[in-house]
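See structure below.
Note that the chains are named A, B, C, D and E in the order they appear, and that numbering of residues resets to 1 at the start of each chain.
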Amino acid sequence: MLTSAEWDIVALSLKVSLVAIAVTLPLAFALAWLLARRRFPGMVLLDALVHLPLVLPPVVTGYLLLLAFGPQGPVGSIAQRLLGIVFSFHWTGAALAAAVMALPLMVRAIRLSIDAVDTRLESAARTLGAGRWDVFRRITLPLAAPGVFAALVLGFARSIGEFGATITFASNIPGETRTLPLGIYTALQVPGAEGEVARLAIISIALSLAALVASEWLVRRGTDGKGRPVL
Amino acid sequence: MLTSAEWDIVALSLKVSLVAIAVTLPLAFALAWLLARRRFPGMVLLDALVHLPLVLPPVVTGYLLLLAFGPQGPVGSIAQRLLGIVFSFHWTGAALAAAVMALPLMVRAIRLSIDAVDTRLESAARTLGAGRWDVFRRITLPLAAPGVFAALVLGFARSIGEFGATITFASNIPGETRTLPLGIYTALQVPGAEGEVARLAIISIALSLAALVASEWLVRRGTDGKGRPVL
Amino acid sequence: APSQEGDKRAGPIVLAAASMHDALEDAADAWARQGHARPALSFAASSAAARQIEAGAPADLFVSADEEWMDELEGRDLLVEGSRAVLATNRLVLIAPAGSNAEIAPEPGFALAEALEGGRLAVAETESVPAGRYAKAALVDLGVWNEVADRLAPAENVRAALQLVARGAAPLGITYASDALAAPGVKVLGEFPAGSHPPIRYPLALVAAGGHPQAGAFRGFLLSPQGAAILARHGFGTAERD
Amino acid sequence: MAGAPRHRRQGQACPVNALAFDIDIAVARPGRRIEVRIASTDSLVALVGPSGMGKTSVLDAIAGLLGPACGHIEVGGKRLFDAAGQVDMPPERRGAGYVFQDSRLFPHLSVEQNLAFGTRYADGRAPFADPAECAELLGIGHLLHRRPRELSGGEIRRAAIARALLRAPRFLLLDEPTASLDDARRQDILRIVEQIRDRFALPILYVSHDRSEVDRLAGDVVEL
Amino acid sequence: MAGAPRHRRQGQACPVNALAFDIDIAVARPGRRIEVRIASTDSLVALVGPSGMGKTSVLDAIAGLLGPACGHIEVGGKRLFDAAGQVDMPPERRGAGYVFQDSRLFPHLSVEQNLAFGTRYADGRAPFADPAECAELLGIGHLLHRRPRELSGGEIRRAAIARALLRAPRFLLLDEPTASLDDARRQDILRIVEQIRDRFALPILYVSHDRSEVDRLAGDVVEL
């Protein structure tokens, strides 16, 4: 059905997207919690910073990533020296770009759910002996589960579709950074390659449909069907 | 501070984004309500369709828009004949592209909030004499306000940043469809225009920061500060 | 044009390859100074513009970076017959970051792989983007393609490839001479031999769906000696015109 | 378990169509089937029974929030539900003044807006009192601009009662209205209920665990 | 309004450090300042007063959920709060077994999980009963796998009581625990409270509007 080159693209896209949202999820939750529950100076600035990748054209985000995480960028050079992580022209760069683009969506979704958590339940948990961390883990987090599920769906879909930041920051290297959108873009440049474009687009759609169905299933298992979490 | 050409771009971007989210909001709410509250055949398909612009690379979305809403597309030709609306090379095309890209984000945010609405309150309103529509208007909608605010912020930010679908569908016409991201793209083509790129990027950031601050202010006025609506 | 929404957008609509930005903006200014309505210049990838024309968008003039897309449109009778011409030509150059001390020039069998020193060679995408296809052809012709095929950093377009070099992400890159000319942060190491790749031509043509009364005149202006002078200032050649 | 009238206060033989309540339904709940039969000419009927037996479920069914498996519901001579005759009036047209066991004040509205919520749907029926008067009577006049979250348990209860009364109901469903109220307040509310019973002859279904309340108010007592 | 003990049942003169409750605080609420003084050797003290006077606010302050403006709180010889001495123990270390007026069961947990929630924080204190036994005693043994949303009002109440008891509390705060319970259930619960009072000498603060309950249970009665 798929050619082996297409399989490679699919596998790479999945790897990049899954790593991106797995790494982003805890950060997104922490940011959402901070923004929902704390009042601190610079809060609006942090909020704006999180939203930045949504507002800027992806190509600019990619360019800024290049400046910061490129081999000569302040973060990139440190990451390479201390952690041995290279972003340029590497699938980790594609994952970083996808993560940055998915972050604002994930933060918003989780924040909405945290805002909806009844703080009286958290108080009740504390009188029962649960410290702040336990309250978070046993009450806040599970009650915010609908937001987490939404964040996963949005983040995954956004990662699967991310193009501009990836190609600008991590380039379009087959097997490394040529994810589905980059493959589609490459095909789109050529007259008459609509067939290839359609194949890859259908794969994208199928992937995200699978993710949607899986998430609806998870949500239904994880909630009573009305968005109220059971776990 | 800004040149007059830059002002034009800003004004156009604002017009395009505001029209896009204003038109999309009711549709997004209706879709979110359907997906949250109804079980119907084809529900997963509708859900997937709404998410499509998130999953597909924007360029592909733009291409599909071109096929459907272009002068010879099935929808585009009808819209032109019956309503006199032209999308090609026209700011309405940019607004349509922005709307389509913002839709999935807006639907998700609103859906999260509708899911969190306590249906027992809706029942109570009905025993008090409110029909389905009044319950919706007086209970469901205001209780879902946090999601609506989040939808507006996400939608506006996404619209302000939309690039790929716009340039593919509506082209890059100064004064008509050259929004901020397209302006940035155009400047990026000019050697040594990093200054111009930076200026336009900073305007984008400032706009979204203003939108964020405005929305936080609205949310604070519209809720008790904990995301619980007061209106 | 059926729906020019007239008034506000008085000039013809020109869809042009993004790499022609500076030259065409200058030309449009010059044209406007002669008392004409300034054309509306829309810059995008040639493929995006061509697809819009295919979809029936009422553009007046198309300037492509790529003869393939012009052929495609011509084959579909979307162009005004007889209006196709070569507007400009370009050359391919090897570039490095401004501070680089690399000394290597493109010639048959040149030591490109060694010169990369483990880094990657920034090019436009070699299968789809015109500049990348020319680069690949040249590298194949010079006999070094096999050594560098898996050492490429393919970018979305020529400008992005240029940025990769300017930002030091790639030690070397291949771009058009017109791009490298004005770009800060990069230097030209050498030009690719003209015979090493197919001639680089930027064709233009009137679009059938258009029909702006000034479109033909602006086309003529671009092809005139005055237009050629402007193109030359931006690093394009015009010699190869018929 | 069908509840039969235990004792009557104003019991006389009446024509069937003068019944305040004519209810005979079965409601299904997980692991339990709740059957109840109420046929009473008394306008105030008490519904009593151990916790979890189905009192609230019966009220929900009469209000139209829970579909009975079978049977019929007629209150004040009006057919609200009839499994046989395919009658199933939507909740908003039944005209119930329902004081929920869990109050269900609208969190996004002030107390005042909560009280006023049902007024516009009165269909020309006059409410028993004007809102300000009713709020004073229930001792929540000083709380009108607060939100439900800023109320004490008993204040919430009283606001819920006021909201149900002010909608100009055709009948009342009171699910432990005096729960979490002090004695003085409780007496106030019992007095109000008595007045409505006597002056307006409104059918009232009253759920309570307090024997003395039931004895004082009810004509018929139905035990689940 | 400072409440003074009204009558005592087992009242003897005691050294100060044997006080079950030594509380003297003022709590600010919008438009109202709630002042209360409780100094009692009786392990069960009833807190009574009209609706909205501040009973729940006092319990919240003792549980550590509401900061008093001044004063001190000592329960069972343990200083929980002292404005002067800068003591303000966090709620989770106070060891309260708090039955909230609004129950506050965790909606995402089954009844069983709700009951077990506090057990792990018992710090070696033994609970009064094992969970299954306690659930049976309160008549909710058959509901252990339900979610709170699928319970009746009285069932929710009983689950909330069980949850507070099973956390092996150092003291109990009971805010109208018998509200919305039938007489038989109410007697069960009063009996349990009596047993805990007598057998474990646990300090218990009991809010109720029911005079007979208060008379039966309480040593000291504090009126707000």
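The definition used in the following text is that contacts are C-beta pairs under 8 Å (C-beta built on N, C-alpha and C of every residue); 3 or more make two chains touch, one makes a residue touch a chain.
These figures come from a predicted structure and were not determined experimentally.
Think of each touching pair as a link: the shortest run of links from chain C to chain D has 2 of them. Graph distance from chain A to chain D, where chains that touch are one step apart, equals 2.
Note: the chain lying farthest from chain D is C, by mean C-alpha position. Rounded to a whole number, the gap between the C-alpha centres of chain A and chain E is 46 angstrom. Chain C and chain E have Cα centroids lying 80 Å from one another. Chain B and chain C, compared by their mean Cα positions, are separated by 34 Å. Chain B and chain E have Cα centroids separated by 51 Å.
Chain contacts: chain E has residues 102 touching two or more partner chains. Touching two or more other chains at once are residues 59, 63, 164, 185, 188, 228 of chain A. Chains touching one another, given as pairs, are A-B, A-C, A-E, B-C, B-D, D-E.
Interface residues of chain A, counted against chain B in their complex, comprise 36, 44, 47-48, 51-52, 54-60, 63, 104-105, 108-109, 111-113, 115-116, 119, 146-147, 150, 153-154, 157-158, 160-164, 180-182, 184-185, 188, 197, 201, 204-205, 207-209, 212-213, 216, 226-228. The touching residues of chain C, when paired with chain B in their complex, are 3, 5, 8-9, 13, 15, 18-19, 21-22, 40-44, 48-49, 51-52, 55-59, 159, 162, 179, 181-184, 209.
Partner chain E is touched in their complex by these residues of chain A: 120-121, 123-131, 134, 138-139, 142-143, 145, 224, 228-231. Those residues of chain D that touch chain B in the complex are listed here as 63-65, 90-96, 98, 100, 102, 104, 106-108, 117-118, 120-123, 147, 149, 163-164, 167. On the side of chain E, the complex with chain D involves touching residues 30-31, 48-52, 56, 101-102, 139, 142, 146, 150-155, 157-158, 175-176, 179-186, 209, 211.
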